[in-house]
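Naming follows writing order (A, B, C, D and E), and every chain is counted from residue 1.
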């Protein structure tokens, strides 16, 4: 029930903030922030009170929705869901904060969309019914489309369309696969249901499983995104407003990774093993190719966007390594990438507010003016190149350590990815903060609100880097690792 | 000659039908086009009667009468419409009536 | 006493300095920055004393479990044994001296606080590196010092060249780190742990000597060490790293960080012993590096680059020692090298400051009179580096290596010759530098004399550069083995194949002779420079070689052409992402289809009728096709 | 089949050919009447005398005459015939004819696959037709009434002589 | 005719009577409001007349008609749709032509034609229903005589409809000639008894498909659609898009079921090719189209293609999917046209995308409604269109039509592009000084209707169970 409440709070807050905005923008922002913080607190309380010995699934909630097709409103939470949901609310609250000044037009509708997309994402992470999953999966696209398309930068419509078409195409393939699974299960067991737990261990032909798995996988690969389905991402991330970029990079991409862990591997264990080398290869290509593209970019946000491609490659690599170490690494990577890339986007946005450009060629030497911001970027850049002590290192190390057991050559190449990651990460620092500064005017450094955001992110990334054990313990309960 | 009467009748209807079709394709004058449609409808009617004679049921002939009625209604509305168009375009060239495209 | 305090104190002070960058006064910054290291050093000394008194094997401390997942476990665990103690002492003591020096050296710097924060951070990370009980924590320190190196090389960030040098340092060492990372994966794969002691214990059971797996692992570890310690083929970053402030060069790029590779190999010596091929490779790399870097040092014009190449060369000696199985000799050389190289760097720094940031040796000269104190300490340092017999620490440590490179189990006469050639070169380049700086005509005015805070550390180091050698004397000269005995619980004694006093004498004599003749040559070249010498040096072939060596044997160019430029070129031409073109093409195809079809919607009635007729024909055709064909 | 059928069929086809090739609409209409009469003969031969009569009376007699009157009303004279001559260039014919002949070929091919046993024409007399019409098909007859009503309403609305019906807005601005 | 016949045909008879009365009323006293009111009343009465008819189902009136759940459901659907279109018509015509009354007569007549189609199971009733529909539509399409485009649309529709009727008739004649039956079940039985593949009959089916396909607006008989949508008055376009197509589709389903169409793979092939072509052609044509009416026309072509996929699945779910999709499609199309209607001023129709630029910031509710409709057409969750598409895909998967489904997916993506383009236009921020040409009328009745439609749309999207159960019950009879 509490899970439904989580969704409802967001949904109601979405409507409320839209309505209230007509009267007061400030109230609207507070409603949005408040709802997310309440949710965050709820989730944290759940987390703290949760004992590892308990059942793997907490708060199983199930109500029939369309019994005609065996569709139910089935929500459940396990460690993975909990972590993802906590991340959602955390980054969501930061998104509201970061938009505090940046969004000054159509505030109500903005927060409506923001909360709606967060609601959809939360739904994706919590639902245990495949139809409902698809429902939420699609539902989060429209508000995201608006977030990019209305409050974005110059080429926002192009970017929004591209994002929408890519993810929809993938989604529809997934729909085919979901239905295929539904009928296969129905034909074999005479129980027609979309329920996740029932569909687990569906007996099926290897050939069928292969195709169905592909349907799911492609949808998730588009979202993750893996090369060659990644091209929507740089455009969407670049053109979106800061909050949009944060939600995209920090959360939306995670739904793809989550889908792989939650659906592809458990539903089609044998087929997943078959495809694993290919999927891992895609992951490695993503790591290297994304890094290479990131290196060439001159647009700050675009650069960060390509680093996402690179980092999410690790997720793919680890997910198909089929061992617990890699799996834990993947979960960590999902969280830490959300934090560090989100932070970089937030800073890029803050920078854009100050100097009104994203072009790296027009930056340089900003450390003199913005030492705090520079330090923050330094921390997250170091995170993105995998410096120990920050959460990203734990994630990447575990992924690589795990994937080494599965495929050594690919892991070698993925490890080389760390070198190229260094190249592009340091390039950011060099182009933005170092070098000569020919700006005469002064720029305000981080203000109080931005400091709160950044400090929160810094604390989390350090916490994850030095003491990731709570997270690892939470996600440990999941015995997804097949084979 | 021992031709199946139904086949023969159907073939005649078919030939007339196709002649109407050729005509509607090559003509540009709207009245001619209407005329061609009438040829085709008539051919279809003929086909019904031929079929009716094979089975010895009245259905085909009843259908023929309905076709007749429909043709009459069609022609009357069609002519009224052509009249309107003629007033507007001052021509019966169907190619002139192509303001909407794309 | 808690070992954890040793790294934690610098970390804490770094943290305070970072937060208080605006509030803290310069004096407060200096006090916190230096004081923390002093405190750390005090703790280290205390522990070392305790260690020596109790005769313990090791002190361990578990702080917290860092991560534990799926059978993998790594804690923040510290372990101090003899080897660590040596490193910790050197790091803290030399580090403290350099900090004190830096407090004076950087006095006019606006970003005073940032500098000390980074320096403290570095010391902390370096201490973690040498105190780590497992390889993951070691890796933490390993990367942490890399970060600090990056931050400090690029400390003067306004000059893009500094930023470039910093990035280069980070990226090149990262290449080595990659190899090391893979080594870690392999070790975990086979031993199921990254706990160093467990690995060392199980390694002997898992692998027989010369097993390909362990060879590969050792080679990969060597790769990591090579990157960090600027050995061939990853040595190119160190000369450029001199872009950083001089105390940084002294601390990071001479005394401590660059010797992390030595520490790593010494720490995992069991693995190398199991992999003779890897060990030989280490020796070969060391030998080649020491010679190549020696030649490069010979022709530099920038005083700090001379020192940088000499550092590369000296670490080459250490690698050579490691490769020959002379573990404690390598560590011993590390200790003495830390002293005299820090001394030299800081002395050079004092000169540079005195000459208003002039680093070109050819614009110096005649400083003997003007900077007398610096002259003397620099002389001591140079002598130690050039291994002037009997009185310098450098002599004892280096001669041990030269001798063992032939006589030890892993030794070879080729190594020995290389080491001897290196000794000659060392003498030459050291004193070429020395003479260039202190003799000859005065070319640049001294405008600022180093203060006490800068000079006192120099004096202390000068003393250390001299006396440190006496804790380990060769058989032929007193046979003191304090140092190797100290290390014996950790590092096995070297196996000497040819225990011949005569040969050892010969070797020592030869090396001393070569060092002295090197000095003589330098003197001839710089101070006397007879015409023949100059003509010889001005010969086109020689000139070309001088250029070639000065550019570090063109390794930079090689990597540039082979790796950097292709990568940058590829990424530049692919900036718009070729994969995206695929989708753009698809979109264009759709557009094309649209335009083609839009033409069928011509608005012509006849055309629409034709469509219907075509449809009729098509339907009947499909029908006939499905029925008859 | 009766030779009379062939003769009537030939006349029908020939006169229809004439219809579709005439430039003058009046000529075409008259040829069409001939064609319809020939078809009436065919209808008679297929045992549908009542239908033959209806063909003559309604089709030829009413619908065609309506068309003729309409053409006369619009006063389409020589120039329209000239224009028609201009439009009906020989090459205009090629593609449509080819297409339609293919269609005819396919149709004939398919029809000739008929495997029904040969039987004679069965005459259905008008009484049976009437019985059917007002027996089972009475609803259809009523629907025909509605159909005609739709035709009448439509023709009435569309055919009304147009007054000067400009839109209010345009009236206000233009006047 | 028996009493049962009368009751069963209640809706049809009510409407027929209403036409006659309305005609008399118009003859006696021309008044727009009065005719409008009377027509609404007629529709409501016809709807009420369904209730007693339920008692008698299934009831056949041999040989022409059959009234069962399926036809009653569709009768209701058509009547409701007609009612809503009527609601939206008043203001539209009030603004325009000086004689509005005939419009209502023709609309009632056309609805009668559609109703005949859904209850017919005989060629004669099929033909007559079709022609009543067609001939009324000639008048309706060209109704606004002062507008050149209306006439052009009218003449195009007339010519093509007559031509396709001729094909339909010739096809029927072939079927009749070689089976001896004109009622659907009779044909089915005759075909089964023939003992050989009745090739000539298949040719007849093929030709009939042209007539049917024309009404459905599927490739290659689709070319009229955009021109007619553009030229016709908006409510009429809505009528064509929904009722005319829906009725024909219902008839097609009934016919196909009665003749056991699944037994003849060549028919499957023909329809499959048409379905794929319709999807592609419709979506491609709409891709960069600037005229909203034409976009809706093209999208309806594509949607017919989607429906045919379900049709081809050959399973019970497919028929259910069609029925559900039809409901969703009716709501969505009428809603979309409704938005265009309320957006149109008395001067001109709001038909270019430019007219909708930044609409959300001027008239948020209208834009929201339109967005909902477009998203439903695109098949995005929370809308009925999503459930509809889901249902179709489900049917396809159930029938293992992987190729067709794949085509459907590709086309859904192409289709998304232009729907989202429209949405983007509405949400785009207009540049300062940029003014749209059209001042929207936004009549109250229209707005309320639209809001109700939207609520219905979302309700079906969120809780489709009730509708699904209804459809499932109804379909059990058919198969």
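To be clear about the criterion, a contact is a pair of C-beta atoms (placed from the backbone, for glycine too) under 8 Å apart; a residue touches a chain by one contact, two chains touch by 3 or more.
Nothing here was measured: the structure is a model prediction, and the numbers come from that model.
Student: According to the touch definition, list the chains common to the neighbour sets of subunit B and subunit C.
Tutor: Neighbours common to subunit B and subunit C are D, E.
Student: With respect to inter-chain C-beta contacts, which pair, B-E or C-D, contains the greater number?
Tutor: B-E
Student: With centres defined from CA atoms, tell me which chain sits nearest the overall protein centre.
Tutor: Smallest offset from the overall C-alpha mean is found for A.
Student: Farthest from subunit B by Cα centre, which chain is it? Let me know.
Tutor: In terms of C-alpha centroids, the chain at the greatest distance from subunit B is C.
Student: Could you grab the centroid distance between subunit A and subunit E? Build each centroid from C-alpha atoms only and quote it in angstrom.
Tutor: 43
Student: Go ahead and note the Å separation of the Cα centroids belonging to subunit B and subunit D.
Tutor: Distance between chain centres, rounded to whole Å: 5 Å.
Student: Measure off the straight-line distance from the CA centroid of subunit A to the CA centroid of subunit B, and report it in whole Å.
Tutor: 64
Student: Between subunit D and subunit E, tell me the centre distance in angstrom, where each centre is the average of that chain's C-alpha atoms.
Tutor: Their C-alpha centroids are separated by 30 Å.
Student: Hunt down the residues of subunit E that sit against at least two other chains at once, touch-wise.
Tutor: Correct list: 124, 128, 131, 135, 138-139, 142, 145, 154-156, 159, 163, 174, 178, 199, 202-203, 226-227, 289, 417.
Student: Note the residues in subunit C that touch 2 or more other chains, in rising order.
Tutor: 598, 601, 603, 605, 609-610, 613-614, 616, 620, 623
Student: Scan subunit D for residues touching two or more other chains and write them down.
Tutor: In subunit D, 96, 99-100, 103, 106-107, 110-111, 114, 116, 137, 140, 144, 147, 150-151, 154-156, 158, 162 touch at least two other chains.
Student: Which pairs of chains touch each other?
Tutor: Final set of chain pairs in contact is A-C, A-E, B-C, B-D, B-E, C-D, C-E, D-E.
Student: Quick check: in the complex, which residue numbers of subunit C touch subunit B?
Tutor: Spelled out, the residues of subunit C in touch with subunit B are 598, 601-606, 609-610, 613.
Student: Which residues of subunit E touch subunit C in the complex?
Tutor: Touch residues, subunit E against subunit C: 155-156, 159-160, 163-164, 167, 197, 199, 202-203, 206-207, 209-210, 213-214, 219-221, 223-224, 226-227, 265-266, 269-270, 273, 280-281, 284-285, 287-289, 414, 417.
Student: Any idea which subunit B residues touch subunit D in the complex?
Tutor: Listed in rising order, the residues are 1-12, 14-16, 18-23, 25-29, 31-32, 34-36, 38-39, 42, 45-46, 49-50, 52-59, 61-62, 64-66, 68-77, 79-84, 86-87, 92-93.
Student: In the complex formed with subunit E, which residues of subunit D make contact?
Tutor: The contact residues of subunit D facing subunit E are 106-107, 110-111, 113-116, 136-140, 142-144, 146-147, 149-151, 153-158, 160, 162, 165-169.
Student: Show which residues of subunit D lie in contact with subunit C when the two form their complex.
Tutor: 96, 99-100, 102-103, 106-107, 109-110
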